[in-house]
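Input: structures, listed below.
In what follows, subunit A forms one complex with subunit B and a second complex with subunit C.
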Partner chain A sequence: MPLKHIAVVAAGLSQPSSTRLLADRLAEATVRSLAEHGDQVEVTVVELRDLAHDITDNLLTGFPSPALDTAITAVTSADGVIAVTPVFTASYSGLFKSFFDVIDKDSLSGTPVLIGATAGTARHSMVLDFALRPLFSYLRAVVAPFGVFAASEDWGSGDETTTTLPDRVARAGAQFADLVSGHSTARDDAFDGVVPFEEQLRRLSADS
Partner chain B sequence: MENKSGMQFGVFSVGDITTDPTTGITPTEHERLKAMITIAKHAEEVGLDVFAAGEHHNPPFVNSSTTTLLAMIAAQTEKLLLSTATALITTNDPVKIAEDYALLQHITDGRIDLTLGRGNTGPVYPWFGKDIRQGINLAIENYALLHRLWTEEVVDWKGHFRTPLQGFTATPRPLDDVAPFVWHGSIRSTEIAEQAAYYGDGFFANHIFWPASHTAQMVKLYRERFEHYGHGTAAQAIVGLGGQVFMAKNSQDAVKQFRPYFDNAPVYGHGPSMEDFTAQTPLTVGSPQEVIDRTLGFRDYVGDYQRQLFLIDHAGLPLKTVLEQLDLLGSEVVPVLRREFAVGRPSDVPDAPTHSSQVAKRDAALAVSAL
Partner chain C sequence: MIVTIVAGNPKPASRTLDAARHVAESLTGRAPESVVDVVTLGPSLLGWGDETVKAAVETVSGSDLVIVASPTYKASYTGVLKCFLEQFAGATGLAGVTVVPLMLGAGPTHALAPELLLKPILVELGATAPTQGLYLNEKTYADEGSYETWLGQWRDIVLATAGLTVVGQK
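Up next is the complex of A and B:
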């Protein structure tokens, strides 16, 4: 059975956090759908709250601490990333953005990403499409069309006449699992495949 | 022989003007420039081998004209080898670098070499009419020209980044017709390690701002490619390292004295704790013995190397403190490093390059080709 690595990035700050709750539901739905594909799954959860100081230090020094480095490697080497943020001031949280700021801009290229967001009211639901989706598009990730937004009321509402949060989570997980099942991440080591110097010189002279 | 290890030890100065966080005193540009000269002279007095100066074209840095500064220092020293940390190969005209440093090489009787770098301030590129996206290409093309200007008498040349040259001779010619030795400096660009290997030049790893594991990978790449290009074995490649230390006789005093400078330092201040940063990078704050132990450990991950430079005069440290650091380096640290680095050093690992060693190398190559 192929083994798929899923990294879950949760940017919730409170404890317990509804952002983490949504992230866990999405991970669970993904694992269930991948199992139907015949894929084994290993899930790594990255709680950004635990790395908040390390992320700030990386912004200041330019390199990650060992703990942050481990988290970054888990995310950039994953076959799929579930990224969930609370909505702060009309967008993703600063901590969420800072984490993706310290990751190399090419290191999520081609990776399937499932986006999720939480907020107090449904009036923020477009944040998935005006904030998270462009962020991951810039990183050239493959953003699953189905993202999940959960307002506070979603955790206690719904009947047979509406699409409930668990329904949306299940559909998002199934669609994301399709993407992950057909993808496997292989990242080049920066120290392998160095461009030979003659090639560098040739590139410069070719169009002179 | 005093220098049994074949290594050179010295200091490099970024030339920053930073307010001393413990006194609020900010040196003037004039004071800082004079302090750099005093530091260099004292480096020779305490028995160090090398002083290198950074080049910048924006405040809060003072040295924009390295050959002027180094010429003044050369006039007041006897043996000290003078270098750059770095000279900007991207935004300077390679023709001017060829001429300025060849002239400096003559008037110092060969007591110079260069470390080339790409700089740390984005706007310097447009200020000098260059495009930062071409940073690596500028480093490659400009050095290719510089190399030819120093090794070929008459150069016809055409490239992307400067006006063509027809029948051009850079003057003066290098001393004894041997170009100044060149180190290529880089923190993270593998292309620069490749460039250094291609020419058989030295590779200087910044080794201050990034974890040792990163430096180890860069040096390994350079060594492998040096061998690939036929300049010798990987172990014979010419490696220099930066490093950053603050010492007091007693370790706790060093920590106490340096902490306010660390916490407010321009590059990493207000970020990680000094304890985290010393654990994650080669910075060592402690007794001379701790500095000796840590520095000797560098060899474990880069192999036997040729040059070790320390950064000791930044972050607002007053001149008096810097001179005391030099006293400790010269009296307690470097003599032990020379002795200990010599232990187990294979005889085929080259000594650090000097003008006379470069002349000898050239003569040996000529003798072989004459056979």
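Up next is the complex of A and C:
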């Protein structure tokens, strides 16, 4: 059975946090769906709260601490990343952004990413498409079309106008699992597109 | 009129800070009264209730005009700047403050970032943001006339908006 590595990045501050709760639910749904594909899964959770000082130090010095380095490697080498942030001031948290500020801009290229966010009110539902999706688009990640936003009231039974949170989590996990299942961790070789010098010479002589 | 510049570059005394100073001086004809170089607040930014951070927040929220500047990191404002903005009271933390969202980058590709990404955060905090977000090249912002068009279009409007703020009603 192929082994898939899933990294979960959770930027919640409180303990326990609804952000971590949503991240765990998304991870569980993903693992379930991947099992249906016949994939074994190893999940690594990165709680940014524990790395906050390491992240700011890295921004200043340009070098990660061993703990942060381990977390960055877990995320950048994963077959899929689940990234969940609380909504602060209408966007991702500063800590969440700082973590992605320190990783290399090419390190998530082609990696499937499932985005999630939690907030006190449904007023911030657009945050997934207005803040998180553009960030991961810039990193050239494959952002799953189905992201999950959870407002405080979603943790109850939900209302009649929206599908329930468990239903959305299950659908997001299933779609993300499809992306991860078909994904290879092999990164593009920077020299793949380079035409060897001999070949360039041959083409030149063929032209003339 | 109290003018403050805020720079959210992980490096202290950055070009971001210098550019913010330039914009403040171009708008008002004098040096800003206060400077908040966010990164110098250090790890206290990660928590809540630190006195130095609180003083910086009060300086900004008590200003009439604030230039809020960030370099472009991963196509957006920095996490460092965002950490600072999270220290303000939601919806009202920048009420009565006229702001100019400013971002710097190496080329024109992210020119809409201050308008699309930074301005909504400031507006969410209650700021008055009368101008188009300003995006400057990190190498040429100090050149004469590098943002002449923007200045011509917005200078009077910024000054009028900031000047009309009634002191003592914040």
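Criterion: the second predicted complex is superposed on the first by the 182 of 208 C-alpha atoms of A that agree within 3 Å, B and C clash if a C-alpha of one lies under 4 Å from a C-alpha of the other, contacts with A are read in each partner's own complex, and residues count from 1 in each chain.
To be clear about the criterion, a contact is a pair of C-beta atoms (placed from the backbone, for glycine too) under 8 Å apart; a residue touches a chain by one contact, two chains touch by 3 or more.
Since we're looking at a predicted model, the values are computed, not measured.
**Student:** Regarding the shared-chain residue A:Leu60, is it in contact with subunit B (first), subunit C (second), both, or neither?
**Tutor:** Both: A:Leu60 reaches subunit B and subunit C.
**Student:** Check whether A:Phe88 is in contact with subunit B, with subunit C, with both or with neither, and answer first, second, both or neither.
**Tutor:** A:Phe88: touches subunit C, not subunit B.
**Student:** Of subunit B and subunit C, which one touches more of subunit A's residues?
**Tutor:** C
**Student:** Report for A:Asp101: first if it touches subunit B alone, second if subunit C alone, otherwise both or neither.
**Tutor:** Second partner only.
**Student:** Of the partners subunit B and subunit C, which touch A:Leu204 in the superposed model: first, second, both, neither?
**Tutor:** Touch status of A:Leu204: first partner only.
**Student:** What is the contact status of A:Leu135 with respect to subunit B (first) and subunit C (second): first, second, both, or neither?
**Tutor:** So A:Leu135 only meets subunit C here.
**Student:** For A:Pro196, using the defined touch cut-off, is the partner it touches subunit B, subunit C, both, or neither? Pick first, second, both or neither.
**Tutor:** Once the two structures are laid over each other on A, A:Pro196 reaches subunit B alone.
**Student:** Which subunit A residues lie in the overlap of the subunit B contact set and the subunit C contact set?
**Tutor:** 56, 59-60
**Student:** Can you check the complex and tell me which residues of subunit B touch subunit A?
**Tutor:** Touch residues, subunit B against subunit A: 136-137, 140-141, 144, 158-160, 190-191, 193-195, 197-198, 209-211, 214, 217-218, 220-221, 225, 229, 267-272, 276-277, 280.
**Student:** Please output the residues of subunit A touching subunit B within their complex, sorted ascending.
**Tutor:** Touch residues, subunit A against subunit B: 56-57, 59-63, 65-66, 190-191, 194-198, 200-201, 203-204, 208.
**Student:** Report the residues of subunit C in contact with subunit A in the complex, numbered from low to high.
**Tutor:** Within the complex, subunit C contacts subunit A at residues 10-11, 39, 42-43, 45-46, 73-86, 88, 90, 117, 120-121, 124-125.
**Student:** Which positions of subunit A touch subunit C when the two form their complex?
**Tutor:** Interface residues on subunit A, with respect to subunit C: 52-53, 55-56, 59-60, 88-101, 105, 130-131, 134-135, 137-139.
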